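Each chain gets a letter, A, B, C and D, in the order it is written, and its residues are counted from 1.
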Amino acid sequence: MAMVCLSDFEAYAKKYLPKIAWDYIAAGADDCNTRDENILAYERICFRPRMLRDVSVMDIRTKILGTEISFPVGIAPTGFHQLAWPDGEKSTARAAKAMSICYIASTYSTCSLEEISAAAPGGLRWFQLYIHRNRAVSQKLVQRAEALGFQALVITVDLPYTNKRRDDIRNGFRLPPHMKLKNLERDFEVCKMSLMDPSVTWNDIYWLQSLTHLPIILKGILTREDAELAVRHGVQGIIVSNHGGRQLDEVPATIDALAEVVEAVGGRVEVYLDGGIRKGSDVLKALALGAKCVFIGRPALWGLAYKGEEGLQDVLRILQDEFRLSMALAGCTSVSEIGRHLVHISKL
Amino acid sequence: MAMVCLSDFEAYAKKYLPKIAWDYIAAGADDCNTRDENILAYERICFRPRMLRDVSVMDIRTKILGTEISFPVGIAPTGFHQLAWPDGEKSTARAAKAMSICYIASTYSTCSLEEISAAAPGGLRWFQLYIHRNRAVSQKLVQRAEALGFQALVITVDLPYTNKRRDDIRNGFRLPPHMKLKNLERDFEVCKMSLMDPSVTWNDIYWLQSLTHLPIILKGILTREDAELAVRHGVQGIIVSNHGGRQLDEVPATIDALAEVVEAVGGRVEVYLDGGIRKGSDVLKALALGAKCVFIGRPALWGLAYKGEEGLQDVLRILQDEFRLSMALAGCTSVSEIGRHLVHISKL
Amino acid sequence: MAMVCLSDFEAYAKKYLPKIAWDYIAAGADDCNTRDENILAYERICFRPRMLRDVSVMDIRTKILGTEISFPVGIAPTGFHQLAWPDGEKSTARAAKAMSICYIASTYSTCSLEEISAAAPGGLRWFQLYIHRNRAVSQKLVQRAEALGFQALVITVDLPYTNKRRDDIRNGFRLPPHMKLKNLERDFEVCKMSLMDPSVTWNDIYWLQSLTHLPIILKGILTREDAELAVRHGVQGIIVSNHGGRQLDEVPATIDALAEVVEAVGGRVEVYLDGGIRKGSDVLKALALGAKCVFIGRPALWGLAYKGEEGLQDVLRILQDEFRLSMALAGCTSVSEIGRHLVHISKL
Amino acid sequence: MAMVCLSDFEAYAKKYLPKIAWDYIAAGADDCNTRDENILAYERICFRPRMLRDVSVMDIRTKILGTEISFPVGIAPTGFHQLAWPDGEKSTARAAKAMSICYIASTYSTCSLEEISAAAPGGLRWFQLYIHRNRAVSQKLVQRAEALGFQALVITVDLPYTNKRRDDIRNGFRLPPHMKLKNLERDFEVCKMSLMDPSVTWNDIYWLQSLTHLPIILKGILTREDAELAVRHGVQGIIVSNHGGRQLDEVPATIDALAEVVEAVGGRVEVYLDGGIRKGSDVLKALALGAKCVFIGRPALWGLAYKGEEGLQDVLRILQDEFRLSMALAGCTSVSEIGRHLVHISKL
């Protein structure tokens, strides 16, 4: 089976993963409309490619928060990588480092932050945090991440409660007993997701800033109003995200929400995006609309499911090749040449 | 079979009800375009959710005509509940009372108003009236309802004649002989729907007002012009409804007509909606667009078909949980915080 | 099999007619996009129904060119009715007379004008004319029609050449040998469609006016420019038509072209429509957009195929009942109350 | 099997060509969205046909770069015609000459320019050039073409690199060993596509102009900005093209990009189009929107696959007949009467 594009990895994962794990990864909230719209929305954006530019030398590197990455794609925080591959997040960390990109490790990793760090020393990593009802737990996590060299804190803001994913309920999904939420096991006999704190507010951003020197990035912003508040509260970045369509259903596709957030932010902080990236040309569209970098969630897990670290690198290399080629065919030789002029959003 | 969302109840009812009963409940007029559009229209409305608000304490109660209900969903008037469950409307009344919501009993109930009242004493109930060619019949019904503690009169205005529902004609649908239109049997040997009066006009609202102290609500208004007339004639509420797509086909989906009616009414009376509600997020959208409360028709019958009173409570609890969760994920902690800012109506 | 709506007759005809005849009747030009769009376009038009009007007494009669018809539907000119029923156009004429509506007999009838007249004496009939390369042939036809009491001349203007209908070519369609183009057989040994004259221009309207006292109606106008020219050339009516999607493909659906023609005409002559009428509510929409009457083509042939004259009456009665009911549910009691305010054209 | 329209030839080719060859011809880049949109976009353009014009004498000839062609359709440059028919481009040349139209021979022909010229002496031919990393190779090709009587040079500007066509990768597509890139074999032992030069810029237009007296046409322009640059650099024509959807995916359909390019050019040079032409009415739409001539790619190969030179003539004759008929039904008797007034672009 030739692995030519990301949907080949999706097909592989669907075929070979246990149904309960596949369903968990694929799940969206309610009718899954936003999950699917995240992908479909890209089809309504057309390129306006420019011809007869010298594209013989291509430079697809960029920087996020001042650190260079090999191309503007990173690994979004998703939980439970051992569902896809026995080595779990250790493989993810190794692949990301090998590709010189950023990996956002999830609070809900099945490897500990220490294991992740040890697996790929020196790799660029950010740490995703769910704020816990017991703030001391979160404080310890932040301090561990900072001590281990994670370079930013990504706060998920769209999950005060977990929304209903119908298949997970039908399947009675729960983490298999041999997998642990390694980052939390020191603190709890039994670790429940319901321990996330729905009372978190903008003021807690100040509390986080008091705990750490790390830059703070908010993940899950979808409106200009919240983008403005984020900037005013001194965060360093925003990830436009709808949690892969797993939280409130029937919110905008992230690529549709991006322009509004970018406009509100006006360059004061970096804006990223996750959700729906399946091709290199999707990355190009997101950058044209103002994203500094995009992050992939499910495709990373499909890569792990295929061949662990190696499979994830395959996924990333395909995206990288497609992105470079799309850039060249659109007439851009470096990321700095990508701009709003490159796309047209059709009325459809 | 896990009952996770309302479509699970629909699937159950379709599988277990006699085809003739299922078809009657599912029927729409002509090509059923409006019936289906009632549901599809919600997909064109996107949320603009707000983050980092303290949603740890949620209050989903509201008031309709001054009476508190546990959440802004009620039971729309539909006929012949015994088609779905032997106890018919008595079960409906019990479930509605148990859930502290409003039940609008239909003229065409297979239990009498007295039986309904006795089944769930003290429950919040409104009475739906078709005005009869013999006005004395309608007068008696109004007076019985008022005497039994029904708290409002809901006048259906979109059924001067019954429109053609093709499957009912093919099936030769008629009420099974062991079921009776209990509210009308004292007055007729044979009760025919054709006894509804197609000559009813706005002046009859004055006649109704002369008969009763109950507030009067018009069900079936779809235009700003009629909304304005309704207010001028002194009604207390409007239910934006297209009779579940069973009357004139190819009128707007109710969620699409809602904004026009709300704007015309300008807060002078309460506006409600029925038609197409299948998820808690649909309720949230209707409230964002100005509805005070929504009413469910077919889903209530699916719940009855599943397990009678208990099944209907299951349906309502799912809607309630979904509504609460959608509110929290959109950043609202009480119904009063829901407003037009919460949604975006896409051009599609 | 219950015949509940027009698509039931379509299904019957498709099942029981010889494939070659069915294909001929169903055929559209090229990709059949306009044929199908004629029907789909109605779904983009929503009613704005008005409530609480006394609709107990309904009057659905109207007049065309001063003559009363029982409701605003007539029989469009289509060829070869014997393909559908042995008695052919004689049955059509009888059904139209029985229903007190107008029948436009085609030049390409398989019964002669004399036979049609004799079959239903006194019926309201118009005669559809293709102008022949040999003008004397057309002149004789016009004079025969006038002498036989046909009350108007309908000139088809969209067929200078016959467009390609792929299935007819694949089937090698030709009229079965026992059927004749009775109106033309006196003049030709072999009658070929290619004898139609592609050189006809607006000046030929003056020639036609010199031949007859009959009012002249142009069938096939789709633009405001041609509507204006038609009025200036002194015609008495316009049928907005795209030949049922059988001529130039990818022209507008007739219901979409209607408003433009009606606006250009500004009430100076009557405007009619054919194409895509499948329900009584379609008739109501066409009248709301300015048509004085609509004409049905394929549905008339389906009715003939079902049971000849009786089947066509069934079709017409269904349309009549549906039209009356739609009017009542929209709040209109007479055709004069139908207007533009009754519909909303959705952006979709 | 009756060959009635171009899709009949498509079906034939799909059935009888080796899968690997069919897939190569059918291939689009990535998700093939642009390939498919090239065709679908025509459905959103409606004709506004005019009636009662004398269309008895039709003249469908036009001129491109001053040379008369029998109708405004030519053969777009596509590679490897021997994949479709043993005689390859020699058959193409003969068919084009027989039909008095223009054939744009590809650099990647499986017959040499000399063979093509000899096969159909005196035919109107243009030569399509990919600019080679070794400029001397390209220079020689240009000079051979000019010496052989090719009348224009068509420079493909949208292929600095070849984009990914998934099926070709899965199939391991490569030219069968008995086929050669005849135009290049004198210069290379092994000829690779990767020898195309991605460093070509607008300045190379001046270099080309210095090599030849032939008019220069740019193929692959999609924006007003590049159209303006093309005119400023002194080219004689532009082919609005997206390489049949084989290069950057999710660019506009060519018929959608045409109006923008035509407007920018403002009549200073001729504008042509390729991509998605499947019916004579498509040609009429392209001309209405400002194209001087259109070119067919895949349909030409389907014609070759059917019966070589004769099959391609069948394809062209069908297009010619359809174009003539569409023109007549739209009320135009010569190409000069076709204009923007003839079409309406629907919002959908």
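The criterion applied here is as follows: a contact is a pair of C-beta atoms (placed from the backbone, for glycine too) under 8 Å apart; a residue touches a chain by one contact, two chains touch by 3 or more.
Just so you know, these numbers come straight off a predicted model, no measurement behind them.
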Shared interface partners, meaning chains that touch chain A and chain B: none
Required minimum of steps from chain A to chain C, each step between chains that touch: 2
Greatest separation from chain C - chain, by CA centre: A
Copy pair chain C, chain D: interface residue numbering same or different (half cut): different
Fitted rotation between chain A and its twin chain D in degrees, CA, nearest 5: 90
Rounded Å distance, chain B centre to chain C centre (Cα mean): 42
Inter-centroid spacing, chain D versus chain B (mean Cα positions, whole Å): 60
Where chain D touches two or more other chains, by residue: 347-348
Residue numbers on chain C that touch chain D, as the complex places them: 30-31, 33, 157-158, 160-161, 163-164, 166, 169-170, 197-202, 204-205, 218, 220-223, 225-226, 229, 247-252, 347-348
Residue ranges of chain C touching chain B (in the complex, touch as defined): 2, 4-5, 42-43, 45-56, 279, 281, 321-322, 325-326, 328-330, 344, 347-348
